[in-house]
Amino acid sequence: MTIGLITDFGENDYFVGILKGVIKNINPQVDIIDICHGVPSYFIQGGSYVLEKTYHFFPVGTIFLVVVDPGVGTKRKLLLVSTAGYHFIAPDNGLLTPIFQLGGKKVVREIDKDHFFLLSGSSTFEARDRMAPVAAHLSKGVAAVDIGSETSEFVTNQEYYPQELQPGRIEGRIIHVDKFGNMISNVPGQWLFEKLLTGGFKHFKLQINDQEINEYRQNYASTSGLPFLLIGSHGNLEIAMNRSKAFKELKAQLNQKFLLVFY
Amino acid sequence: MTIGLITDFGENDYFVGILKGVIKNINPQVDIIDICHGVPSYFIQGGSYVLEKTYHFFPVGTIFLVVVDPGVGTKRKLLLVSTAGYHFIAPDNGLLTPIFQLGGKKVVREIDKDHFFLLSGSSTFEARDRMAPVAAHLSKGVAAVDIGSETSEFVTNQEYYPQELQPGRIEGRIIHVDKFGNMISNVPGQWLFEKLLTGGFKHFKLQINDQEINEYRQNYASTSGLPFLLIGSHGNLEIAMNRSKAFKELKAQLNQKFLLVFY
Amino acid sequence: MTIGLITDFGENDYFVGILKGVIKNINPQVDIIDICHGVPSYFIQGGSYVLEKTYHFFPVGTIFLVVVDPGVGTKRKLLLVSTAGYHFIAPDNGLLTPIFQLGGKKVVREIDKDHFFLLSGSSTFEARDRMAPVAAHLSKGVAAVDIGSETSEFVTNQEYYPQELQPGRIEGRIIHVDKFGNMISNVPGQWLFEKLLTGGFKHFKLQINDQEINEYRQNYASTSGLPFLLIGSHGNLEIAMNRSKAFKELKAQLNQKFLLVFY
């Protein structure tokens, strides 16, 4: 059994180490995989993005512990969402938005049974005291029904998806910046082709910070030195430059809006 | 069996990778857990702090390899400390101070049997050549007595603990800064309550860099925008701000002293 | 069975997490070890260096997945190199140069069988779509012959090794900078001794950025405060300072040339 971790805890602290200790103490056999601890602090959409783009590569049965939790210690719920293939544990702040959008059977539970919680007296590390123990017990075969009750009330993050303002005018956001400075948007790559192939448009331009990008490339190696669009390995539209950091060159911000115009 | 790693090696180099290779080569079955490699370079108290706050979450039997070692290659000893639950391997430079303070049975050994050491010809990577092989053999069932001889001479770091200068005047230090910029002190959180509930004091103020902090909060979400005190999930007194980096705002230094005054 | 990962993907993104998902999905039993993800972006020699200095610590049979791949998506080959002890999977851009230099039997294959590849439609993440699945299947016992065909054409990186311009004048390069700011060169440490002990020379000086270094030390703890040479734990000549970052003090660049002169 595998537990995959996605957090905004970073790699320099010992928070992730504690989660692993808590989990291994309950289930020494479980395989713990660090998926990403580099979600920008408090950036909920960034956590959703990493989850959306990674979970389906993991073995069926994997339990995902996803923690970006600015509201830790306040009264927001903790959720356990179970699909046909996977379990997802996260605070109820919109983090699981892409999972809610999946087709197929889904059961959403509020984690309201407290018999697996650690009693630390602290209210600021629920990943350690509540989510990790629940994940570990789940990996040992505890039934979801013994962890929480079904609920139909949970937060969906509307900002996670791009908006088509008018036909051919799409407002997107920068949702992730990778180590190479590539700026990954929340616009699905196939929208580009659909608009151009079947949407009646012939051209496109992406407007961000008073700059216009209208070049399209298939890989990072071939280019003119200008920023270009590419459909990244994750399937989303991405702004990149060859061996330069597009993010720096374009003076962009994480979560910044841009306009993608077809004409 | 689990080996937990705490070092100041960082994540960018290959030092940690080599430790894992050495360990797996000796005991392929052992579970290696990265607890933290982000201890600030050479900051011994920082390593002690991470160890103190994490070890007890791990399964009984876990072996901790703790390396912050500015004196590597010089004549300081290497230690193996065994408690009822755990083993700790570290250079003898005060790193294990919080373990020495634990109640219960403890055996302190100098690692003076060299038959498990790697013969590399180098004197600058004893974590690889001495500590990791010893940890790996210990995890395979080698007896502690075959690794080192008992000793009663070892270094304790007096700076690790806060000083009560006068009743109600406590000199503490910033011992860790987390990713969110929260400044964690070496003052146990319960001191705050003891002074106020049973110590005859009514108020407190923390003085650092000509600033005074006298607000107390229970979690990060609720606040005025000013820095406040909080008892962190680790149980120590912590200076935090809501979604800002207290460390930057207060222009603080790691290991900096502050004064906590009750009145 | 163990798969060791060396990449320039960094720790902040989710690329490494995806590789682990892909591998575990194919072979849940395999042990995945992060050796280093901090190779500077696109710096092929840096990846070669980490591989050279780490692989031999790992258990016989380990499969190394080594990815520094500025040409991803272009027509360069992917290689599987098998020695008596290990397998190495990497793009054919010189990354495996130190492995090609090893004595003993080596079989170099081009990964040209595509039946294990993931069909993602993307051409920018071949580590995920091609190299990781091949590594995972190899770890499950698939024969190398079912992965690729033998080839005698592959790229060797001549820049990886230092040049002896004239007897006693060696042009080297800075090939790695560690967390402590130590600058590791591509000059084997024993060259220093060979030149001085049997080469007829009495003195040495290293010239870099108009500075001259002629002190030699055996460990980091003892020094004058000036930069000095040391033979690092990796066996190469290294420029270091005691508790200062030589890299910053000397205003050096990664991959920068220097001159080592014996006289």
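The first chain written gets the first letter, and so on, giving A, B and C; residue counts start at 1 in each chain.
By definition in this document, contacts are C-beta pairs under 8 Å (C-beta built on N, C-alpha and C of every residue); 3 or more make two chains touch, one makes a residue touch a chain.
Because the structure is predicted, anything quoted here is derived from the model rather than measured.
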item	value
Chains contacting each of chain B and chain C, listed by label	A
Angle of the C-alpha superposing rotation, chain A to chain C, to the nearest 5 degrees	120
Interface composition of copies chain A and chain B: same or different, split at half	different
Inter-centroid spacing, chain B versus chain A (mean Cα positions, whole Å)	32
Shared-contact residues (touching 2 or more other chains) in chain C	11
Residue ranges of chain C in contact with chain B within the complex	2, 4, 6, 11, 31, 33-38, 50, 53-55, 57-59, 62, 176, 178-180, 218-222, 230-233, 235, 243
Residues of chain A touching chain B in the complex	8-18, 20-22, 24-25, 28, 32, 41-42, 70-74, 120, 122-125, 128-129
